[in-house]
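The structure is given below, and queries will be raised subsequently.
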Amino acid sequence: MKRTWLTFLAAAAVATSLLGAAVAQEAAPVVEEEVPREDVPLDTVAPAAPGALTARDYLDSNDAGDKIELDWELSPDDGAGSCDVAGYFLWRSRSASSPGEIVAELPSGQTHYVDRNLEPGAEYFYSITAFDGTNESAAVTCAPVAGRVNLFQTSRASILALMLVFFGLVLVFTKLAERGDELFVRRIPGLNAIEEAVGRATEMGRPVLYVPGIGEIDNIMTIASLTILSHVAKITARYETPLIVPTARAVVMSAAEEVVKQAYTEVGQPDAYNPDNIRYLSDAQFAFAGAVNGIMLREKPAANLYMGAFWAESLLLAETGFEAGAIQVAGTAMVSQLPFFVTACDFTLMGEELYAASAYLSREPKLLGGLKGSDWMKVVTIALVVLGAVLNFMGFETFVNWFRTQ
Amino acid sequence: MNVFEKMLAIDRRWIFLAIGIAVIVPFFFPLGLPVVVTPPVEHLHEAVDRIHPNDAPLLLSIDYAPATLPELEPMAMAILRHAFERDVNVVVMTLHPAGYGLAESALLQAAEEMGQEYGTDFCFLGFQPGTSAVILGMGVNIATVFPEDAYGTPLSEIPMMDGVRNYDEIPLVISLAGWSAAEAWIYYARQPFGQTVGAGVTAVMATDFYPYLSSNQLVGLLGGMRGAAEYEVMIDRMDKGVQGMDSQSIIHIMIIILIFAGNIAYFGARRRKKQEEAEAA
Amino acid sequence: MRRQIPLALCFIAGLFMAVQYFIPHPAVQNTYELLLGWLQTLLAFAFLLGTVSLIRMHFHKIRNRADDRAFSWVTLLGLLGMIGLGFIHPQHQLPGSPFNLMFLNVQVPIEATMFSLLAFYIASAAFRAFRARTLEATLLLIAACIVMLGRVPIGDLIHESIPAATQWILNVPNLAAKRGVMIGVGLGMMATALKIMLGIERAWMGGSD
Amino acid sequence: MGTLIWTTIGAILTLSVYSFLYKDNPFYKFAEHLVVGVSAGYYLVIYYYNFIDPNVVTPVFQLRLGDQPIGFGSGAWWLALIPGLLGLLLYTRFFPKVAWVARWSLGIYVGGYAGLGISPVMQARVIEQIGANALPLTSVTNVLIVIGLLGTLAYFFFSMKHRGILGVFARTGIVFLMVGFGASFGYTVMSRISLLIGRVSFLLHDWLHLV
């Protein structure tokens, strides 16, 4: 209690001294208004009006035309003259006849403002006045202005350009592949490991666990994982080894059901498909991880395959799987989780290898085309990086700035 | 089985037990290992120090969720204590739907400790959904985004908010977050409005934030529990951050010893095996 | 009908969403917001789908008198209890409401504790898997040890250059590798997205007709 | 009193999960099954109030009653029926004969998100990284970063054998990758231990008031 009082007193003391200093130094009009002193007559002289006001479309060629940028010159009384400008009122109207409403109250010394959330393309009339706390100056107006509604955001041109180059490459190689050109793809280590792991599980008469990550179906890693799942399901169907697929997303579960059912049908084992083994567990990250840990210890799969998007649960799964004595193969493009899979699993498909694996396994020429396109895009990227370094060294900034997007 | 093989075959539950003990013991017997303060923390401390007492407020956005509470709450406590000790006014808000209760409890605890008065020294705005829209909107007018505080009082009736319209009247924003909220403050308050922004993030995220420091988009940065510990050292009030550092130091050293032990055992056992094979042949 | 319509819808939705990024025109942006709302709503409906299969799975277990059916009851009661509290209590998100209390005192502690198991697992993984078998593995191990030391106060005490070394590892080799993976992964993602839109990659449809 | 009961529940559940470190047991199984149920219920309520209610239920009912539109600016109430219908189509998978209809919704969903991702991925993961990496080669550090990036990219070349110059770069790449992985592992340790400290603090301080 005592402390509260002391603090309060100290605060009051500091506040008073600051207040005093402020009044003495600047004769801040706002303070004057709040504490009128009787010996000073009220200010009745309005400050001089601000100088020329200009308004133009903000980000001329980049936005929806709903922002307008305003600049003005300071009032002669702002920081000079009678030195009593407290700030400016910015007025906006849809017609020339009325000043409209105040859209912003700006502090003295400021000469720039961006008015947002306007109706795109509509014409606005702006005016500005200076005020000293009691009086307002005459208004300064400017020509009416309208935001321009743009059809293309030029600051994103580099994105579009590289995108078109990349998609062009992918499509060209896809066409080549369709025509029957042989496309070489290097063998990805770790892919053999998947087959070995499934083989081991069969020998031991124990199930295979396939976790397609906790990403949604719209996550590209999940899609790649489903392609790999189809391959794994065909092997387990042939060996008649149970395949357990726990999922964290309902849509992924339905897609996984379709994929596995189809794979079993294709190898002529439709009856071996057990819908109870494709399970939805929980959307909550650690509830899911906990439940998968339970499966590992209770149903004792001999091979654990983790393919897809994983977050912090990666190590929880991989360490429990190790403790349960399973062979583990992981694959993810989540950079932050790769270290844990690399250390805790027997094999890991790193980063892009996950996508490459899905294309490799499907053996579909069209999918391989995408891989080849990505490779050539990497060549383009390398060239750009080297070029950037060289040009930067030589002092050309424009090139680098082209890559700074909004 | 020789000693190396025994080491390799050790039940990992012994490791778990050792980790458990290493975490619990410093709670009862603190080691008090010295914590060296690094520049990013020092800069944030200075930025809070520059705010005038009982004037324009510090805006503290407590954006963490329960999962990252242990790393980020000590930061919130240290910053709040520092501000309150200097009688700096503080406005607290949250951008995380689960952050409401966490932000409120940290604020009220610090305020009670330091004898601060609601409304005149600090206030709590609560939660608003729509991260980027909230931050952008506050740059224009805080009262349009938060017309009233968390308890239904209009902002105009809160004494300390008098004259506080938007970022122009806020000398510093600090965001404490375990997700992209801290970056959102950089993108939507620092870039368009030139607002001074500081951040406190988890240790995992901290490395991604160093570029913002070097480009001056952040005035200072607290990274993980270590950042909180350093701030506690700066304000000379040790709490959970410094406490945690003891456990952290012990376990980090322990893991390094484990790595070495694992390697010695592995290579020892392998050599032994090779010798045996050579003898057998 | 069965394949063509979904593929066409997929293409149209994908094309629009990709192109809107470059067109700030309000007509396009408003449509974009509308469509985004639809996608989010679809997500919510899909979530319900998961809940239905969760209930079905545990219902089966109980009906088939599985050994651990008692635990299926636990799941079902937890689920129904939470839904009940959420819909009966109108202000379910406010602090102090039963729904919120259940979240904070049941879900949060269990999830947070599961998360914290990682502290134990990280130690056991370090012990059994960090082996200096090859040059690459040795580098991984050394980098990990230096960074670990550089993050705690005791590192400063051992040698003053450790924090600087840590920062260098994070800012130079780590940055280069992360960037490389990021670019590679980014290209893979875009290629896959394009293939999905064009109907080349159709794993999401399952296989048959 | 109420607080004590709730804290005790949280503490018992915390200890139940930790018991898993010793071995799988009924306490862990209880916590595991409970959190699966509770979290499903939690998300269901949250998703309903955040997405289905504002995007479907409220606009349809309110606009029919002639109130102000909420959620959709364009105003036609039937527009809000579309996401609802698409959502319901997902449930056709419970009826094998019409199960394929669910693909219509799925097509929009998968396609929409695939398209949505393309441009931001190009921007954040490719273009900005190239821009950030266009460093003047005036210091050892910058040279190393450029070499590391080129090496890592070379490692992810799939359509050529890793021989010759490509092989050299790929080998360099894997060296950088491993150092990067080691660093990530090392700096994650602190966060994970913080979580454990948090739980221990909850048990010792908030629950038992020992420290």
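Every chain is named by a letter (A, B, C and D) in the order it is written, and numbering of its residues begins at 1.
Going forward, a residue touches a chain if its C-beta (ideal position, glycine included) is under 8 Å from a C-beta of that chain, and two chains touch if they have at least 3 such contacts.
Computed from a predicted model, the values in this text were never measured in an experiment.
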> Within the chain touch network, how many edges lie on the shortest path between chain C and chain D?
Replying inline: 1
> Is the C-beta contact count larger for A-D or for B-C?
Replying inline: A-D
>> Roughly how far is chain A from chain D, centre to centre by C-alpha average, rounded to an integer in Å?
In response: 12
> CA centre of chain B versus CA centre of chain C: separation in Å?
Replying inline: 22
> So, what's the distance in Å between the C-alpha centres of chain C and chain A?
Replying inline: 14
>> Quick check: how many Å separate the C-alpha centres of chain B and chain D?
In response: 21
> chain A: which residues touch two or more other chains?
Replying inline: 156, 159, 163, 166, 216-217, 220, 223, 251, 254-255, 281-284, 286-287, 290, 335-336, 338-340, 342-343, 350-352, 356, 371, 374, 378, 381
>> By the touch rule stated above, which residues of chain B touch at least two different other chains?
In response: 12, 16, 19, 23, 67, 203-204, 207, 224, 226, 248, 251-252, 255
> Among the residues of chain C, which ones contact at least 2 other chains?
Replying inline: 21-22, 43, 46-51, 54, 93, 104, 107-108, 110-112, 114-115, 117-120, 122, 124, 126, 128, 130, 140-141, 144-145, 148, 151-152, 170-171, 174, 178, 181-185, 187, 189-190, 192-194, 196, 204-205
> Among line, ring, star, complete and other, which best matches the way these chains touch?
Replying inline: complete
>> Quick check on the complex: what are the chain B residues that touch chain A?
In response: 12, 52-55, 87, 114-117, 121, 140, 163, 165, 168, 192, 204
>> Please output the residues of chain A touching chain C within their complex, sorted ascending.
In response: 62-66, 120, 149-153, 156, 159-160, 163, 166-167, 170, 174, 216-217, 220, 223-224, 226-227, 230, 249-251, 253-255, 257-259, 261-263, 265-266, 276, 279-287, 289-290, 312, 315-316, 318-320, 322, 333, 335, 338-340, 342-344, 350-352, 354-356, 364, 366-367, 370-371, 373-374, 377-378, 381
> Hey, which residues of chain D end up touching chain B in the complex?
Replying inline: 21-22, 187-191, 193-201, 204, 210-211
> Residues of chain A touching chain D in their complex?
Replying inline: 156, 158-159, 162-163, 166, 183-186, 188, 216-218, 220, 223, 251, 254-255, 281-284, 286-287, 290-291, 293-294, 297-298, 335-336, 338-340, 342-343, 350-353, 356, 371-372, 374-375, 378, 381-382, 384-393, 399-400, 402-405
> Can you list the residues on chain D that touch chain C in the complex?
Replying inline: 6-7, 9-11, 13-14, 16-18, 20-21, 29-45, 47-52, 55-56, 71-74, 79, 82-84, 86-88, 90-91, 93-94, 100, 103-122, 124-126, 129-130, 132-133, 141, 144-153, 155-156, 173-190, 192-193, 195-196, 198-199, 202
